[in-house]
Amino acid sequence: MLNFILLIFIYIGIYAISALGLNLIVGYTGLLSLCQAAFLGIGAYSAAVLMTAFHFGFWEAMLISGIITALCGMLIGIPTLRLKGDYLAIATLGFGEIVRNIIVNWDSVTKGPMGINGIPGPNLFGFMFSSMDKISWVILIWVIVGISYYFVRRIVRSRVGRALEAIREDEIAASAMGINTAKYKIGAFTTGAFLAGIAGSLFASYNQSVAPLTFDFMMSIMILCMVVLGGLGNNYATVAGAIIIVITSEIPRLFGISHIIPPQLNQVIFGLILVLMMIYRPQGIIGRVKLNYAKILKKEILHLEK
Amino acid sequence: MKKLLSVLISLMLLFALACGKESDVVKSGETIKIGFLGPMTGDAGNYGKLMSQAVKVAVEEFNAAGGAEGFNAEVLVEDTEGKVEKANPAIEKLAGVDKVFGIVGSVFSSVSLAVAPKAEASKIVMISPSSTHKDLPEKGKFIFRDVMSDALQAIVFGKYLAKVENVKTVAILYIKNDYSQGLAMDFKAQFEKEGGKVVAVETALQGDKDFKTQLTKIKGANPEAIYFPNYVAEIAQMLEQSKQLGIKAKFYSADGFSNPQILELAGDLANGVIYTQAAEQPTSQKRKDFEAKYLAKWGEKPDAFSLNAYDGALIMLNAIKATSSKAMGGNLKIDRDKVRDFVAKTKDYDGASGKITFTANGDLVANIGIYTAENRKFKQLKMFKLDGENLVEIK
Amino acid sequence: MPLLYTQSLRREFGGVVAVSDVDIEIFKNSITGLIGPNGAGKTTLFNTITGLDYPTSGFVFFKGEDITPLPAYKITRSGIARTFQNIRLFKEMTVFENVMIGRHFRANHPHIVKNRLINFILGRIFVKQEEYDIYESSIKWLDFFGLLDFRDEYAKNLPYGKQRELEIARALATEPEVLFLDEPAAGMNPQETDELMVTIKRIRDLGITVVLIEHDMKLVMNICDKIIVLNYGRKIAEGTPAQVQNNKEVIEAYLGKTDE
Amino acid sequence: MSNAILELKNVHVSYGNIEALKGVNVTINAGQIVCLIGANGAGKSTLLKSIVGLEPLTRGEVVFNGERITYTGGDSSAKKDRVFHSTDRIISRGISMAPEGRGIFPEMTVLENLEMGAFMIKDKALIKTRIEEKYEMFEILKDRRKQLAGSLSGGEQQMLSIARALMSAPRLLLLDEPALGLAPIIIQNIFQTISKISREDKVTIFLVEQNAKMALSISDKGYVLETGNIVLEDDSKNLLENPKVKAAYLGE
Amino acid sequence: MNLFNIPHNELLQHLLNGLTLGAIYSLIALGYTMVYGILKFINFAHGEILMLGAYAGYYVYYLICDPSQGGSFVIFAFIISLLTAMVISASLGVFIERVAYRPLRKAPRLAPLLSAIGVSIILMNLAALFFGTKSRKFDYPIDNTTIQLDGTSITPNQIMILAVGLIMMTALKLFIDKSRLGKAMRATSQNQSVAALMGINVNFIISLTFAIGSALAAVAGIMMSLEFKLYPTMGQMAGLKAFIAAVVGGIGNISGAMLGGILLGLLETFGVVILGIPQGLKDTIAFSVLIIILLVKPSGLLIKNIREKV
């Protein structure tokens, strides 16, 4: 049981990292993106290819795949300059399908539908993470969750965060205030994708394998659900959302009734929870927490004056 | 954040204390647990459903025969949705929480390859009824399969088409999934090696149901025969659309065709399609009994993979029965290594799917049958085995 | 030489000419009024000058430089700020934060903040210096409009007149040389309009050039040094308030018979 | 007061915790033009919306033609004491409204917009005659009948909005800031039209307007609304002379 | 370019295949576009309404006739089952709107989207639970023997799909453009509260929109099951693609949905044929082209680029 619970927390951590990235895009910048799973997939596959075909170590692979994913994020960020609202959502949806399609078809690199197996774990100063040893994985992943959390928090609590918020509120007014909206929107996508790339490389390394079916539209939706269910524009809530969604989908297994109730029923319950949650808490369980920059600044400035 | 983390950590510690000890003992009054791992929802849900039903039949049979030392067995079905990230929690749960002694599964090769190391590490005998990828048996001592590998099937069929049927040109249409692609690629290599010519290779995506574009292109290439190494829903579609497009070539397929649903979906179009499958004793009583039981219990017919699932389940249950012993307090003691060794020694096991023998690494030693569908029934035409490079017909 | 001028500025939408070869000149430290019937192209002219829209042809010169191709944010950075006809505040942000956004790019002193990214991630002292600057000047502008008491209110919760003022404060926080106001008195009652006139004069006294679109003739006639009249995208008159008021074409197209 | 066509009694409307209308009483007599003036945010539009059911009342009642169209008992939590008629049912009783910001359907033609105004009427011949009538009154609309309404100028859109509201031959016409954002010459035109409608069509008009001077000069009676309360109620000509009104709303 | 190396009858065949596929996409896209036009959100459950409509038609069809018998009674039964499926789907659509979307009219924009996803998950899995996951065959009501024309093959079923698609779309277009209720729908989609001021019962119009869109989905569902079989996930991918098609055509625009659907069908067939790359990449080609179209015309093909009013 312990192992199983630890495993759930490993998954929560991986999803939380990419959900934090998505929160930056959807929650703070207000751009609806439906391709976070594609970013996760790009990250996972980059890491998998780097580690298996080119024998990179995990840490280099993680960083490089983060960067590769960030570049892809930059690419999909470009349409945001022209597309608004749901039109952008559709472009990202299409992009997600394209990525999945390419992963399945690019046999020479991605091994096609078979996926890539035998991906090694990280090696930290001689300590090998094995996927059997869950405690160390939980620690590793939650440390990275912590770093990501701090990273996103630094962004949103700064001048940049205010700019993103202004873009979400009113893009035209923001550009009339001298904010380079293009730069920030692409920046949000790039950063969000980077985090998804990191999460993807952890995903690949922990599971020791990647397969193309994994990174589908439903996964993007799951990650979006985490962000919305917790509360848009609230990092704390995003992590909580990840915990809720993953645990909800594993409830039958946690209670040991997964073999008693039909698996479809499990999904039905999940859908039902989603609908009811939206009807009764449309703003999310925790909701948006509006940062008060005046107060943040005051605090920081007092600190400075000392 | 800090609060959250501290709650998490204390939760983990709590569980660590609560379920600390490992054991290979089944307490009296409890059941011997085995697992089934496969897609129960989603596109391929039907394959998982049929196979899991077969395992349930096997367990019932085992229990009816007295179980192991009076202990009954029970199968826990876990859904993988055909996805690696869903299969991982499933096997962790089976291994960590339920402490199963064997797993029938997984269905897809990609998933089996991903979960195999975990089964190996937990010393769980895993017998896959349908993962045909050639690398699977090498994943560990505890990993077996009672379905023949793509490589074997494709090689035999490649030789058969070139040598026996004397086909010169072939087009291949396969779905981009682990099963179809493996077969298609191995077949192509073998057929070309035999001097045949593959005039067109067309692919489609998992979930596609419209193959007219590909078939139109294939029609343009004008092959003598078309090879469809896919699952039934797609094959039925391909056969029908081929007919609609007026394609006159001969159709060939692989063991995916053995699902009796094809007879329903494709109707008369299934007639004359020649396919490969692990050879079975057509008259085997065991198979007839199983099919009767299955039909009575579930109201539908099993497919070839279900036969494998049934055999796999019984092989591991028999191994448990043979190696377990009564321990103190009326408990049943099961030694995982012994179970594994017993399974590995399986030789000429008389199963519903035919004679089953495992190779040293856990693969199936199989005779390959050439089958066809005729008047809504499957019929075995010939049987071959591979002797080195040569195809040897078994009379 | 005028501080800002356009050369045959033209904007077409589909075949409809919204702004037709307009030349305007804005002189330093003046208040210029832009009037005309609805759909005459006033707002479109504002948009093409401030970079939110692009002209079909023609040029905009500011301080002797061609700013026509620049995007809106660069035009703002060069010293042109604006407000909007339908108030476009950041509604879910506080009054203080709205003004801080106006300071956004002004805080960008590359000579102070080196290694931006690292400093930023670590939240180091230089970034704090920058934030300090933003804080101080935001306070200054809020004080200018007497909005300090509302600083922690959400912009959407302000009374209408205050929202108009906040929008001007936000624009001024960018420290512009020219301020474009699009119907600043719309929706204000006469009392508020009178206060606004005083405010606009105060802004001019700070050395900022003001250009405004307005329908309230009292305001326009009272404070503008020069008035430009547009009709169907064309400039039909230009001059002092008195000249414009007596222009026959303007009366016909826009003012109508005045009883006043 | 048998002559009253519309009565608002103790009307309260709230948005969340903010009370926009705090017990408003208004009486409109048939055949008159009644105007409501007040600053932005005083609750003028909310008041109009509450009449047609676009904004639910928290307390009070609206009586049209002697019939309660919206009613809530003193205790707003008692559900059985509430009557809310949906907007379409209120409209069907003979109220029509030209909403703030004109509210034309931009992607429908002028003709189609007018047809929508006659949505409640099933008699096609009647619709046709009504449209012809409106074309007579607003000639510009006839010229533009095939154009998309979104391509009209602001003044034309306002005319269309009023014409459309008249298509159902209402007994009471509600106008929400018809002069907003229009040029002086067009404002004059609009107000002339409004008094013409009142004179010729015998329609009762309830006019909400920022431009107090114009509104009071064409109306019979006026109300002044400040932060959710009616603070003044008098004949329009008296209000025009009222020093408080003069200072706050006429800018004199 | 590979196009010129392909014999003309093969090209014609591709064109025909693409049109059939496109007609089905168009029918699905219509439902999406209508709902989007009026409520401004993506009804992700549309694909599942399609699937349930198809199942409803299937059960009615096999209840009243035995298709293997053939003859005019089968055609009659087919029409009955088609109509029943339309009614059932329409009621389902209206019911879903009532239960899962109406409470969310004033909620943040993403809430109805996620609610729709929830509904979609529920319906798909309920279908799998009750109808089983295996594919089912929907027998043709008419003799589907291929007609060969100069090396090009066309089946009566394809002709039927094209005809039904054409009839449905024309009827819908006429309804929306000319009829009183159709105009009320357009008015409601442009401004709900003003539409209410015209005396339009907005809730009724929204229900009507869902009913019509869902009924069309049922037709598309049955056409799909005839051509591609019947299974619980049949609406998922087709729905997603049809939605993209609707957006590219210009969401909220009926003609746009038709155009987008046909375009997607043709792109899927021709895209890879012309480039001469494996068919597995068809989605990549189709989606890339669609994204590029969106970048050039950000509000879709048939909607004028409306600049935000400043």
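Going by the order they are written in, the chains are A, B, C, D and E; count residues from 1 in each one.
Simple rule for what comes next: contacts are C-beta pairs under 8 Å (C-beta built on N, C-alpha and C of every residue); 3 or more make two chains touch, one makes a residue touch a chain.
Everything quoted here is computed from the prediction, not taken from an experiment.
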Farthest chain relative to subunit C (centres taken as mean CA coordinates): B
Distance-maximising chain from subunit D - centres being C-alpha averages: B
Inter-chain centre distance, subunit A versus subunit D - centres from mean C-alpha coordinates, in Å: 51
Subunit A and subunit B, separation of their C-alpha mean positions in angstrom: 34
Between subunit C and subunit B, distance of the C-alpha-averaged centres to the nearest whole Å: 72
Where subunit C and subunit E are represented by their mean Cα positions, the distance between them in whole Å: 48
Set of subunit A residues in contact with two or more other chains: 101, 104-105, 172, 262, 264, 267
Where subunit E touches two or more other chains at once, by residue number: 125, 128, 278, 280, 283, 310
Touching two or more other chains - residues of subunit D: none
Complex interface listing, subunit E residues touching subunit B: 6-7, 10, 13-14, 17-18, 21, 125, 128, 132-137, 144, 146, 148, 153, 155, 224, 227-229, 231-234, 236-237, 268-269, 272-273, 278-280, 282-283
Of subunit B, residues touching subunit A in the complex: 1, 4-5, 8, 11-12, 15-16, 18-20, 40-41, 75-79, 82-85, 88-90, 92-93, 95-98, 109-111, 113-114, 117-118, 121, 133, 135, 176-178, 180-182, 203, 205-206
Of subunit A, residues touching subunit B in the complex: 1-9, 11, 101, 104-105, 107, 112-115, 117, 131-132, 138, 142, 146, 149, 203, 207-211, 213-214, 236, 239-240, 250, 253, 256, 258-259, 262-264, 266-267
In the complex with subunit C, residue positions of subunit A that touch it: 151, 154, 158-160, 162-163, 165-166, 169-170, 172-182, 290, 292-294, 297-298, 300-301, 303-304
In the complex with subunit D, residue positions of subunit E that touch it: 180, 183-184, 186-187, 190-191, 193-203
